[in-house]
Amino acid sequence: MRKTKSFPLLAAVVAATALAATVSAAPAGAKSTKAAAGISCSKTLDIGMLAPLTGAAGFLGQEQLSWAKYAVKTLPSTMGLKVKLVPGDLPVEKGQADAQAVAQKFISDKSMVAVVGGSTSGSVVSTSTALTQAGLVQVSPSATRTTLTKGDNQQATNAFFRVVPADDFQGSTDAAYMVNTLHVKNVVIFDFQEPYSLGLGGEVEKDLKAAGVTTSHQSVANTVTDFSSFVTKVPSAADIVFFPTQSPGTAEAFAEQLVQQGKQAKVFGGDGSNGLGEFKAPGSYISSFAPSITGFAADKAIIAGWQKDNKGKPVGSFGPAAYGAVQVILAAVKAACTKGGGTIAKRSLVIGQMRKVHIDKGWILGGKFSWSKTNTRDPSVQKFYILQIQSNGSYKLMN
Amino acid sequence: MDTFTQLTLNGLTEGSTYALIALGYTLIYGVLKLLNFAHGDVFMVGSFIGFGVLKVLGGAGDPKLPVWLLLTLMVRGGMVGCAILGVAIERFAYRPLRDAPRIAPLISALGVSFFLANSFQLMFGAQQYNYGIFFLDGGSLFSKGFEIGNVHIPLIAIITILSAFALMIVLWLLVTRTRAGKAMRATSFDREAAAMMGIDIDRVIVFTFVVGSALAGAGGVMFALRVPTAASIGFVIGLKGFTAAVIGGIGSIPGAMAGGLILGFAEAYIAGYWTTRWSDLVIFSVLILFMLFRPSGLLGQAGIKKV
Amino acid sequence: MSEPDDLQAPSGPAIGQDEWVARHGERRSQRAGLIGEIEERARRAPWWAWLVLFVAAFALLPVVSHDGYIRRVAFDTTLYMLLALGLNVVVGWGGLLDLGYAAFYAIGAYAYAMLSSPQYGIHLPTLVSIPIIVVIGAVAGFLVGLPSRRLIGDYLAIVTLFFLQITQTVLTNGDQIAGHDLTGGANGIINVDPLHLLGHPLVVQHGGVFAVTYLYISIATFAVVYLALHFVNHSRTGRAWRSLREDGLAAEAMGMPVNLLKLMAFSFGAAVAALTGTLFAALQTSVFPLQFSFPLVITVYTMVILGGQGNLAGVTIGAVVVWVMLEFLRDPGDARILFYVVGVLAIAFAFGRTRKLAVLLGSLVVFGFAAHAIADAINHDWVSGPAANGFDHALSHWVIIPTGLANWVGPVSYIGLVCLVLALTLLPARVRYVALVPTIYLGTFVWENVLLAQPDATRYIILGVMLIGLMILRPNGLLGERRVEIV
């Protein structure tokens, strides 16, 4: 009995100290990060990357990471900077809480000046507020949700930029292509009960209806892999099934089942179905926010260099956008360094410089880059590319 | 009419797969009184093993063996691999807990389920794997077949359904006509009495797991012939298999078969005729109602628990 | 008369006196050595000592560290501590296997979101909405518990699991119920109000850094819930729950209202989960249906079982241990450190301070260096891969990390490791001791090259293995009591 009496007493003393300390400490806690002195540009700067490196969308994040790594390896030395890439894994299966925890990690990193990401629109919604408040600019290579930068109820903050066009363009481009080039009469639109497909599918449905096309809608849970009954419901008169899945494998399986059940409709996927080698049903379409850069002569050297570091991997379209995001970030950081005479006084200065960034040559996705005049956080070139899958599985540009 | 035929075909194909899993659940529950949560993941492993066999034998683009031999080997490989896995699971995760409170093997089963699903995600990634059967032999598995009305019934569907039924018949004979089957039935009826009658309980349980897991493995391969597989499908399939087992009557073999088919048809018709959005909800609610008001299912017998 | 136990030098009352005799059973069941001492102390400490310890630790944290990330992790930990407390009521005290626990968490979060957001235009003040949500949670728990009257054990588990699935489906499709948008559907509900205290909104971030206020609110909530549950446990209800858990039939024969008790267990657990959901929703300022999934349930179960079902302090410790471990796993550098530290501690723990331990560690080190040297000699590429930071220099000559891993190496080595570990349990002691060395080395190889590459899958693998291991080796967890089920 005597031995244990001291334990609670000790604990009580500890608690009292804690209480006293916290009362005095609470307001002081928030100020300390601001008190950090400016970031010297001669030291190694950190650029964070928020992408799904594991999980179902891991292939996307890994592709983007490899290109961003290559950009950080080759570009900063030409600008007189030293940069390190800090990846943060945000699997799509994990929710907001995880995204915000990783964002907090980035915020505590004193040498961090900018963030590439989030790659998925959901992660942008989760992290943008905190990152912006901490003064970190975000440049996303693949978050295409329209409401991030447009509309009344914007889901991202004004320090969020993206180098790829938004989904409203994708939806209208796809619908226009279907109506004007493919002359469709009957289209079935699928959604998978998650924001990407709901947004994109909704956009396409709206435009098609306005053009007088007969549309029907099917809603499928995200976990379904066996589409046989849904395929049965596709009317035999349907020309196109708009299938905005985020997994190329699912698009392939669906296309096969369409053929199996003798439906004549072809599959039209969004940028999520973009997967060379996985989605290969001939006659299907996908839309992509970035052209394949193998067609640009100016990028040959970059592609060769990247392929040396990443043997055997194909050049996709998600990766080069990440390279482009790093290009834009480095331009802004360099401008901030120059303006500050070799020091970045506050992180938020980079945000100001980002608004003025324009690249006159060497932009990986087509030579020149600048922000759009109407919406300064989207790129000026807002084009979605429609590709058709050929009989040998390759993708051919149609527009 | 065509829609009905097509939906019925879908239901039959899906249902036979569900029946195979439900059988495994029923057998294991009958002998151990344990719901094997990991069963769905054994199914998933089976589909991956089939994929492995296919790749080793050249893949769908360039098979080194005639098609029928290839398919047979894939299914056999899945069955053998899953049987071994099932025995290992029983030996290491369930046997030490045979005399523990009932909650213990259940939680252990949950742990095994998570372990399997995430191990495969670790090793093979979370993406989908497509057998590519569609392209096998120039697509003959899908183009050959026969017609009912306007509906084309592909060869692969016929193969799948017939194989599943063949397995079920073999199982039925195994359980009713052999000594091992008799021992299994005796153990599921009353374990202590069976032990007193000289039946080696450990052997019977291992045998049950072998049979149940082999069925799941076969189901996994057949499932993946039509639909891409991924490391995460085990959970949902396990739920569906359990639903089928309960609807049919857990502990009853014809019940499991019936339950599987009923579930397959229900899913197909609800999705086809009514709504795809709420089909899951309807099925889960039906299951809960069954468990509340008729826990013995359609073909099971109401059990009386002796205290 | 029996002799006093030689193992225990009698410092207290001598033989013949009541207390010594009364404590006899304790001494028999007490484990020798350090563990026994710690268990003894833990059992005899006054109950509120634990609570004070937890509160003090968390309250001091923002003083010690100004890092927003650490505060955020601390907040997340308190949420899980609350969830573990709630699940403890259902599983530990009621003995009911509730696999749909995350559904109540979701209901609480969504209820708060619906009551305090632009979704319906209602913006209830916090102090009004919290009691409402707790009641909603309790009612939901009651309703879900109704089937428990007719179902036991496994069946109840499945029904609750299906309830979770149904909840997820309804929340995901809630924007299409008969044409009305009830739950915001897959896009969730955003712009949820943060908590308001006396009319002042509590900001979530100051300059991007996670605000300390929420941490204090959550730890205060934790303290309140802990106290409340403690008093419930020591009341008639708590005693009735214990008797129900030990032997339901006997309890019923004794006239306990068994059904009512089960329903109450469900309700309490659900109410706590709903309260936690409120905190979660207020902090995140939005809710999405996919966050409340089955892996969350498994995580909380691991916490409860690790800590010891039925013991409030235990499940709290379990929550802290599991969640901090999972956070460490997020970053490869930290995870590496964690692995080696835990590994060495585990080996030391298993062998105690004996010569065997020294021999084992020694041979392990030698084996490692030898293997590394051989691999280096065969092909330099095999050992020159990039390592995550942390213990870099010390280990770079011990562990084999190839530059690039061929596709088959990962799966083969992983499966090989699993088979080896399982085989180890079957081998006789001598052989096992020898085989431990290559197994552990293979384990480090697999950890560095395979497991660290996918921290997300790794965390669930570890949870799964913990669940299996705990059930087999130590079902009562850290602070729980060993139970024997009477059949």
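Per-chain numbering from 1; labels A, B and C assigned in written order.
The definition used in the following text is that contacts are C-beta pairs under 8 Å (C-beta built on N, C-alpha and C of every residue); 3 or more make two chains touch, one makes a residue touch a chain.
This one's a predicted model, so the numbers in the text were calculated from it and none came from an experiment.
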item: Centre-most chain, if every chain is reduced to its averaged C-alpha atoms; value: C
item: Pair of chains joined by more contacts [C-beta pairs], B-C or A-B; value: B-C
item: Distance between the centres, which are taken as Cα means, of chain C and chain B, whole angstrom; value: 32
item: Chain centre separation in whole Å, for chain B relative to chain A (CA means); value: 38
item: Junction residues of chain B - those touching two or more other chains; value: 126, 277, 280
item: Chain C, residues touching no fewer than two other chains; value: 169, 173, 176, 454, 457
item: Residues of chain A engaged with two or more neighbouring chains; value: 54-55, 193, 219, 221
item: Residues of chain B touching chain C in the complex; value: 33-35, 88, 92-93, 96-97, 100-108, 110-119, 121-124, 126, 235, 239, 242, 246, 277-278, 280-281, 284-285, 287-288, 291-292, 295, 307
item: Parts of chain C lying in touch with chain A, wherever the complex brings them together; value: 41, 44-46, 48-49, 52-53, 55-56, 59-60, 62-63, 66-69, 71-73, 76, 169, 172-173, 176, 185-187, 190-191, 205-213, 216, 280, 284, 286, 288, 290-291, 327, 330-331, 454-457
item: Contacting residues of chain A [partner chain C, same complex]; value: 4, 7-8, 11-12, 14-15, 17-19, 21-22, 25-26, 29-30, 32-34, 54-55, 89, 91, 93-97, 100-102, 104-105, 107-108, 122, 125-126, 129-136, 153, 155, 193-195, 198, 219, 221
item: Chain B-facing residues of chain A, complex; value: 54-56, 58-59, 193, 218-221, 223, 225-230, 232-233, 247, 249-250, 252-253, 256-257, 259-262, 278
item: Residue numbers on chain B that touch chain A, as the complex places them; value: 3, 6-7, 10, 13-14, 125-130, 134, 142, 150-152, 154, 226-230, 232-233, 236, 267-268, 271-272, 275-277, 280
